[in-house]
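Data block below; observations after.
Order as written gives the chain letters A, B, C and D; numbering starts at 1 within each chain.
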Amino acid sequence: MGDTSIMEEVGSETLHRMLYYMKLHRFYEDRIEIVYRQGKLAGPVFLGRGQEAVGVGSAIQLGKDDYIFPSHRDLGAFFIRGMTPEAVSLQYFGRRDGPMRGRDGNTHMGDWSLNIGLFVSHMADTVPVSAGVALVLKMRKQGNTVLCYNGDGATSRGDWHEGLNLAAVMQLPVVFFCVNNQYAYSTPLHKQMAVPTVADRASGYGMPVDSVDGNDVLAVYVSARKAIQRARDGQGPSFIECLTYRMTGHGSHDDARYVPAEFFEEGKKKDPILRFVAKLKAGDMVTDGEITEMDARIMAEVEDAMAKGEAGALPEGPEALAGVFAD
Amino acid sequence: MGDTSIMEEVGSETLHRMLYYMKLHRFYEDRIEIVYRQGKLAGPVFLGRGQEAVGVGSAIQLGKDDYIFPSHRDLGAFFIRGMTPEAVSLQYFGRRDGPMRGRDGNTHMGDWSLNIGLFVSHMADTVPVSAGVALVLKMRKQGNTVLCYNGDGATSRGDWHEGLNLAAVMQLPVVFFCVNNQYAYSTPLHKQMAVPTVADRASGYGMPVDSVDGNDVLAVYVSARKAIQRARDGQGPSFIECLTYRMTGHGSHDDARYVPAEFFEEGKKKDPILRFVAKLKAGDMVTDGEITEMDARIMAEVEDAMAKGEAGALPEGPEALAGVFAD
Amino acid sequence: MITYLEAIRQALQEEMRRDPNVFLLGEDIGDFGGAFKVTEGLIAEFGADRVIDTPISEAGFTGMAVGAGMMGMRPVVEFQFSDFMSCAFDQITNFAAKTHYRFGVPVPVVFRAPTGGGFNGGPFHSGCLESHFVSTAGLKIVAPATVYDAKGLLKAAIRDNNPVLYLEHKYLYRRVKAELNGEDYVVPIGQAAVRTEGDRLTILTYGAMLHVCVDALKQISNTEGAVELIDLRTLVPLDKETILTSVKKTGKVLIVHEASRTGGFAGELSAIIADEAFEYLDGPVRRVTAPDIPVPFSPPLEDFYLPNADDVAQAVRELLAY
Amino acid sequence: MITYLEAIRQALQEEMRRDPNVFLLGEDIGDFGGAFKVTEGLIAEFGADRVIDTPISEAGFTGMAVGAGMMGMRPVVEFQFSDFMSCAFDQITNFAAKTHYRFGVPVPVVFRAPTGGGFNGGPFHSGCLESHFVSTAGLKIVAPATVYDAKGLLKAAIRDNNPVLYLEHKYLYRRVKAELNGEDYVVPIGQAAVRTEGDRLTILTYGAMLHVCVDALKQISNTEGAVELIDLRTLVPLDKETILTSVKKTGKVLIVHEASRTGGFAGELSAIIADEAFEYLDGPVRRVTAPDIPVPFSPPLEDFYLPNADDVAQAVRELLAY
């Protein structure tokens, strides 16, 4: 399917929303990194710079009653589900009114009222948990789905294997994404696995496997659409590998000197936002004026979010004691 | 390759040894099951009846400095490596002089002086451990290999995934066998995985995968030979699925009423010992007289082993305290 | 008269009838009825959607139960043996236990853990894994010793909005029996039971060891009213009040558990007592536990390993004489 | 002057030079030098065959280390954070720890576990996982608090023929420094160190909390010679003799650890003391620990969570006044 016909199908409103969220993801992170370097944040910062197309191209298609379990680099997906930039800032600043109330930091967050599952550090732990959510959706015959995102590194863990297999054998409505940014911290893909793609690795579970250019938001969109439809139709899980580039260190403390310059050059050439803008323009889907307006709006939103995040109240020490157990 | 030419290559001495070990496996287990039913054993009994070709067809090819990590149904492989029937009986009877000195029971055993790794209940735990042994063989450039056996059920565990992947990415000299007897306890294969064969599941790791008739000892032999040679040549790990039939309950306490009658009928038709005998006879590799003689010899060995096992001394209670730590 | 095992099944059945959100997950629990036949017959009544057979994937199905719990379901996970929880350790301690604290979303999951030795199961089928889990904030732990409690604590666990580790002792499955009139009741989590009253020595125990303690007390003559035998029933959250009230009365404590000594739950109990009841103590706080070794298989070794009535009686005599 | 972190690296380097069987295994430990740069430079000296980068497979590479250990190698596993040991819990407790007992074959593996909080790492990067592991028969556990011990205990751990859990405290990595003259020494596993002598109160602690205790004592005036500060250094096997000798002298005990309270190692210490030194006790056995919650992220919450010098000083004052 050519880009033009996809764009026509998707329609300009959704396309603009996609652009908006990709930019919001990017601008937000550019800004939070500065805040980090200013020494204002207690914890680390993990960025999805260059990877924005994955979360956005997929989560944009969800309905209210669908679920996501994003990875630590899928900020755009959080935004799409309704988490506000302000909430993310409150989270980063460790404030009381953040989604995790200061109990956890950075992208270790979620908001169940928005159907955003929570991230646990231990890589791939969300894979079986997402399957469990999907099991309930299946039981309830809701026609809903769960999107679960993990990095390439996470796919080497046992929980990934067990979760994929369980979802397949129980035919659960879940879509597993591998955000393959070709590195797990400093470890390149070829030191993680002996197959060229994560899709190869995912082929042994009995679910459809696709491998797409993760820097092409339309490619992600199309592949995700099919997988989501399968899930809604009761045809079980799917796996989608999105090949992308981590245009940053592992965290903002990491200068990524172990990444060869060519990698960053290639990633830059394939910048998902620039490419999407070019496509939109080629298809007459967006004007320069609209983009300028959008950028300004996002900048303002991000500034506002940072200010509100910073201004938020810290929790008091003894608040730490409450809520270990549910009533 | 036709059976005749394989048999010629293998040679009658090895063929006779293979037959001997398959029968020893079978006869030993027939006998230990009776002992169990007589109430003489404290713990359970796990049998490899009908699966004898897998361990025998593979382990028979090993040299002294190779290693095996058998599953709980690969008794023939234990025997081939030099564990005596008497030792196995001492183990089953929980005697002090058994290989585990009464500290563990049934096939939860090993003997490192014979390069037999030990079995841990937790399914698939031996997979990464075997990879670790193989890593050392590779470091030492010994040209040796490790054979690691697990059931179909074990392949659903995370440790299986992690172990296979590590062996592949590090190109370790290990051969992973799946003794696919189509059941994990009461759970048939199709409830364990959404792919028709375990070989499908193993295809995602970047190592050669083969799927053979596990009731045909020559087929196992040929596939294992190739994989072992690859390992010796520094070409890394391989995976071999051996499709077989568990001609018994999960343990001797289990009447396996959940297994359809056809399954047992088919397994019976494909009995690996009967089939091997037929092939040997067809190829003029064995005479009836030799078989009669072999059977008698094995019977006597087994009887002797049971008697010695039963006669062995039990450990005294306080012996339990020694040896938690190595010096 | 029903057995401890049947009481567990009854609790499952009644809760499944009562609440459509309750479902079961585990290996061989469907048509086969589970390795110990605890779930026998349940698939016939509730169907394969609510009695779900899983592959051998302890981490995987634990994670699934957590996800389902977050969705408002009440999954009950059967581990075939409690020992295999070690494969799900990460999901239990990090996802199940920490989610409410971090996220404010309840995770009402029950982990049924067939526990303990006494049947020559060897090092991998006889464990008392509570020692590994008591330090996990956010995880409740219960350990019924009687038929009544087996049912009532399981019901309470299923209705609880938190992950609950339910330690069902394999040795008791078919060995203890009682009349239950089929009534619907819960045994509240967090309440110990005083099994016999006494004023000279407190015994704290739980699970199968309760019966060992009862046997031990029968061996000892002339001690009517001396020993207060407390069945903890819940380890986390602990009924400190019952414990401290008793210890303050008796002044002496013996703690008995089947788990091996170092790092066992007796340590926690001792610490509480040595701090909060120090002024009332008239003697050392003693422990009768298994030794610090894996559970050995061979009968004489396992017999030696397991704390028995003689060990307890001996300790009781010493403490009473102290 | 070298840091605690450099002392760890020195120990690795010297042992790798001394014994070709020593090799390293873990995530990002090669060219990258590890998340904390502990192994920086080692791959340059020893090559990629002895400093092995692994995929994210904690269970897998732990199992590999066990297999290699059985072969007579001495692998040193780096967990990127001790919290991720939870993914390898089964391999550590069942394969590494039980193999010698069952099988008679040594498993000389070191598990390097970057431990503890104090840097806003949140619930999954700040854990003190010893509470989960102390009950594992067959596993030794050491926890150096000083530069000297960081080196000497790691060398001892590497030379030990058993699996050793080496708890290196992240907070100390770059915060404590000392002169080491490059000499080759071991700090024997199983020996506590008396850091200051005293006759009125024994403090038992380990890891980063040693420094908190030292700070606390500085706050308290007029107590020269009152407090005996014991750095356990090894949790398993425990130096009971040093502990009991001290407690029998002082009659009072304060136990300080960073791990959360319930099921923490203080319980075990308390139990030993309340039994074996009961007659010498002149006051309650007190604990200063973190509360029973996951380690929270936000600075005020984490500050509240971590035991600090004020908490310790307060407890010391109370006990001295008791």
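Brief remarks follow.
By definition in this document, a residue touches a chain if its C-beta (ideal position, glycine included) is under 8 Å from a C-beta of that chain, and two chains touch if they have at least 3 such contacts.
Note that the coordinates shown come from a computational prediction; the quantities given were computed from them, not determined experimentally.
Counting hops only between chains that touch, chain A reaches chain C in a minimum of 1.
Distance from the centre of chain D peaks at B, each centre being the average of the chain's Cα atoms.
Rounded to a whole number, the gap between the C-alpha centres of chain A and chain D is 37 angstrom.
Here the CA centre of chain A is 45 Å from the CA centre of chain B. A separation of 30 Å divides the Cα centre of chain C from that of chain D. Within chain D, the positions touching two or more other chains are listed as 55, 57, 59-60, 83, 86-87, 90, 94, 98, 101-102, 123-124, 137-138, 292-294. The set of chain A residues that touch two or more partner chains comprises 100, 103-104, 108, 120-122, 156-159, 162, 165, 169, 191-193, 324. If you draw each protein chain as a dot and join the dots that touch, every dot ends up joined to every other dot.
On chain A, the positions that touch chain D within their shared complex are 42-43, 94-96, 100, 102-105, 108, 120-124, 153-154, 156-159, 184-187, 191-193, 258, 314-321, 324.
Chain contact summary for the complex, chain C toward chain D: residues 83, 86-87, 89-90, 93-94, 97-98, 101-102, 123-124, 131-138, 236, 238, 255, 259-260, 262-271, 273-276, 278-279, 281, 283-287, 292-294.
Touching chain A in their complex are the following residues of chain C: 23, 49, 52, 54-55, 57, 59-73, 75, 90-91, 94-95, 98-108, 137-138, 140, 161-162, 237. Listing the residues of chain D that touch chain A in their complex gives 27-28, 31-32, 35, 53, 55-60, 80-81, 83-84, 86-87, 120-125, 291-294, 296-301, 303-305. Residues 100-101, 103-104, 108, 110, 112, 117-118, 120-122, 125-137, 139, 158-159, 162-163, 165-166, 169-170, 323-327 of chain B touch chain D in their complex.
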